[in-house]
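The same chain A turns up in both complexes below, where it pairs with chain B and then with chain C.
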Partner chain A sequence: MPMKGRFPIRRTLEYLQKGEVVFKKSVNIMTVNYNTHGDLSEGARKFVFFNIPQIQYKNPWVQIMMFKNMTPSPFLRFYLGKSFVLLFFNLFSILWYLLVLLLCLDDGEQVLVDVEGKDHKEIMNHVKTILGKSDKVLEAEALAKMELSNPANFGPKRYFLRECISEVEGQVPHPGFVPLPKEMTGKYRAKLAAASDE
Partner chain B sequence: MSTRQASVHAKWIIGQVIGTKMKKTAKVRVTRLVLDPYLLKYYNKRKTYFAHDPLEQCTVGDVVLLKALPEKRSKHVNHELEEIVYKVGQVVDPLTGKRVAGKQYLEPLTESTEVSLTEKLEQLNITASTPPSVS
Partner chain C sequence: MLRALSRSPAPVVRLLSPRTAVWVETVRGRKSRTDPKAKSKLGRIKTPPPVDPVEMVVLKERYTEYNLILRALRLEFKEQMLRKKYEEEVGSVAEERTKREEEEHRSLMALNDAENLRMHKIREQRMQKEAEAEELKKREADILRQQELENYIKEKERQILQLQEEAKDFITLDNLDQRIEEALDNPKNYNFAIDKEGRVVKRTAFQR
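Let's look at the complex of A and B:
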């Protein structure tokens, strides 16, 4: 029973997670202008068809808008804006306020990328180099995320892998699942201790 | 409680103007791509925002860039008009800077140095003369 539609592989989680482009924090909006007919827009059309779902999956907070047949040549446009730094602490330090205000240069920059005649893979690579996080940064982030959750820790299922050492293969299981051998039960040991005392 | 820097989550948004009947306010429809959890396909989800437009320069159908205001202007208005990206009927191609309509350029791409036809005619200096009679 095959999946419906042409290229249904686009609609698999595995394909979406394979997206390479993770935008930098400053990118807010991405706009694609392309044409529905014409050879020069072919790359842009393929980009929209294949790669936009991947980009949106990896960047859920970036607004992506598509415009068709507005201009003769296709292009991409990115609207950047520095993210606000939340000031929920230190209301009394005016100097800190000023420093942060200077850093929050909210000037909306725009990046224009001409994609006329380009192949969709070229466009993807270009976007990755100009506005995407580099592989090193992504690896460092993944590493930091892994460091937060140490698999050696035990605790509630929501935060940790295992709740008790008894869940590990080769360790003594919980008596609720498998009855303990007689020698390990408390009452047998108590009986032995009482017998040895006497 | 410290003062909040911005009142909305969306700082910069782009959308199409759908109504200008309010004074100095534009009703903007913003579409975002939302993943359908079963089909795993992205669909446009609409949301309307109200934007403060002090000069009333928006018309219905413009594509507009909005910026979040630092504080709420009124109960519904949280954004202001930053820039009209594509004005309806007067779209300017950002690559060339010329006015464009669909796939055609309304202005010529190259500045032509050729003399126009009317000027050429004047140069030829044709005077009206009696046409030769056809026998």
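Let's look at the complex of A and C:
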């Protein structure tokens, strides 16, 4: 099966999971305005090409929209808010929808980030600093998630690691698969007890 | 216990048995309803284990006390956990957290604004430089165009002057006869060879 696209590494799970930016809960929408030609937009173009997949993978509930060649200089815009708001942009009636949007988003904050002339790594770091969850917070969240599932518990394979202690390497195997040695069986021991009693 | 005695007709032994024990006469187990009893078990009478009433009374008291204490501890811990969770999500801890987060957000926005301002300044400078460069280029183009125009005019003037010079030697109707006479009187010899430098090398004799 051939690889698809120019840099197919962008489609690998390993690459996507290496994404650093996890947005705070208040970020709902992210908009990127950039140009297809021009030296100053180069960083923004690379950002869109390489880093947007990572961001979307880590934030599946954030809507990300790209606009090409609408303004002379590239920028990012974040629409914050507590409610769950989505943008609907129609090619034919952009202005109308924009108006509706602006009316709905009155309580939300908008954050503008100028990226003219910046490198895609710089943009990523900047976005991570202002709107991403910090490393400490991420670690705390990961720890809390780990606490929910204790690996020492036994139960169905779907939720736990093992169902029975006989599955563990080095323990007595299940008698259904490997018969127990005679000395461990109940009836032999009962016989011995009866014999010693007499 | 006396009230229980007066109400239920069950035997006293059963009432004295430990509360948590299960009273079952038959357990289904491996065999189904229709399977006959095993031959070795035909004459078996099942008797429950003997119970010492004095011991039972003492044990019951102790067990009730023990269970009471344990249950109280368990509920106490549960309440602590619930209270902590409540505090975290709704109470004072949450409020502090939101305040802290808001402050952090504000400082980060200030950082972002500062960055934007810096970019703005850089952009302004760049725009200025570009405008100046364009101005310079326009001026130079103007000068060039001007010079081209002057050169053109000069060239044309030179050509006109040259034409005027040549016009003196033109053959007109007036001096037509004179010039014909002159031409016939002075025959010209075009039989000559030149070398690479352009100098005349040899002439052959004039032949009519």
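One rule holds in what follows: the second predicted complex is superposed on the first by the 169 of 198 C-alpha atoms of A that agree within 3 Å, B and C clash if a C-alpha of one lies under 4 Å from a C-alpha of the other, contacts with A are read in each partner's own complex, and residues count from 1 in each chain.
Quick note on the criterion: contacts are C-beta pairs under 8 Å (C-beta built on N, C-alpha and C of every residue); 3 or more make two chains touch, one makes a residue touch a chain.
Remember, predicted model here, so these are calculated numbers, not experimental data.
With both structures placed on the common chain, the touch criterion links A:73 to chain B and to chain C.
Touch criterion not met for A:171: it reaches neither chain B nor chain C.
By the touch criterion stated above, A:81 is placed in contact with chain B alone, chain C being left untouched. Contact with neither chain B nor chain C is seen for A:17 once the two complexes are overlaid on the shared chain. In the overlay built on the shared chain, the residue A:129 is in contact with chain C alone; chain B does not reach it. Of the two partner chains placed around the shared chain by superposition, chain C is the only one that A:111 touches, whereas chain B remains out of contact. Judged by the touch definition given at the top, the superposed model places A:185 against neither chain B nor chain C.
A simple residue count on chain A separates chain B from chain C, and the partner touching more is B. In the superposition on chain A, chain A positions 73, 112, 114 are in contact with chain B in one complex as well as with chain C in the other. Against chain A, in their complex, chain C makes its touches with residues 105, 108-109, 111-112, 115-116, 119-120, 122-123. Residues 26, 73, 111-114, 116-117, 126, 129-131 of chain A are the ones that touch chain C when the two sit in their complex.
Only residues 2-3, 5-6, 10-14, 30-33, 35, 39-42, 63, 65, 67, 82-83, 85-86, 91, 93-96, 100, 102-105 of chain B touch chain A when the two sit together in their complex. Contacts from chain A toward chain B in the complex involve residues 10-13, 16, 28-29, 31, 35, 38, 52-53, 56-57, 63-65, 67, 69-73, 75, 77, 79, 81, 83-89, 91, 106, 108, 112, 114.
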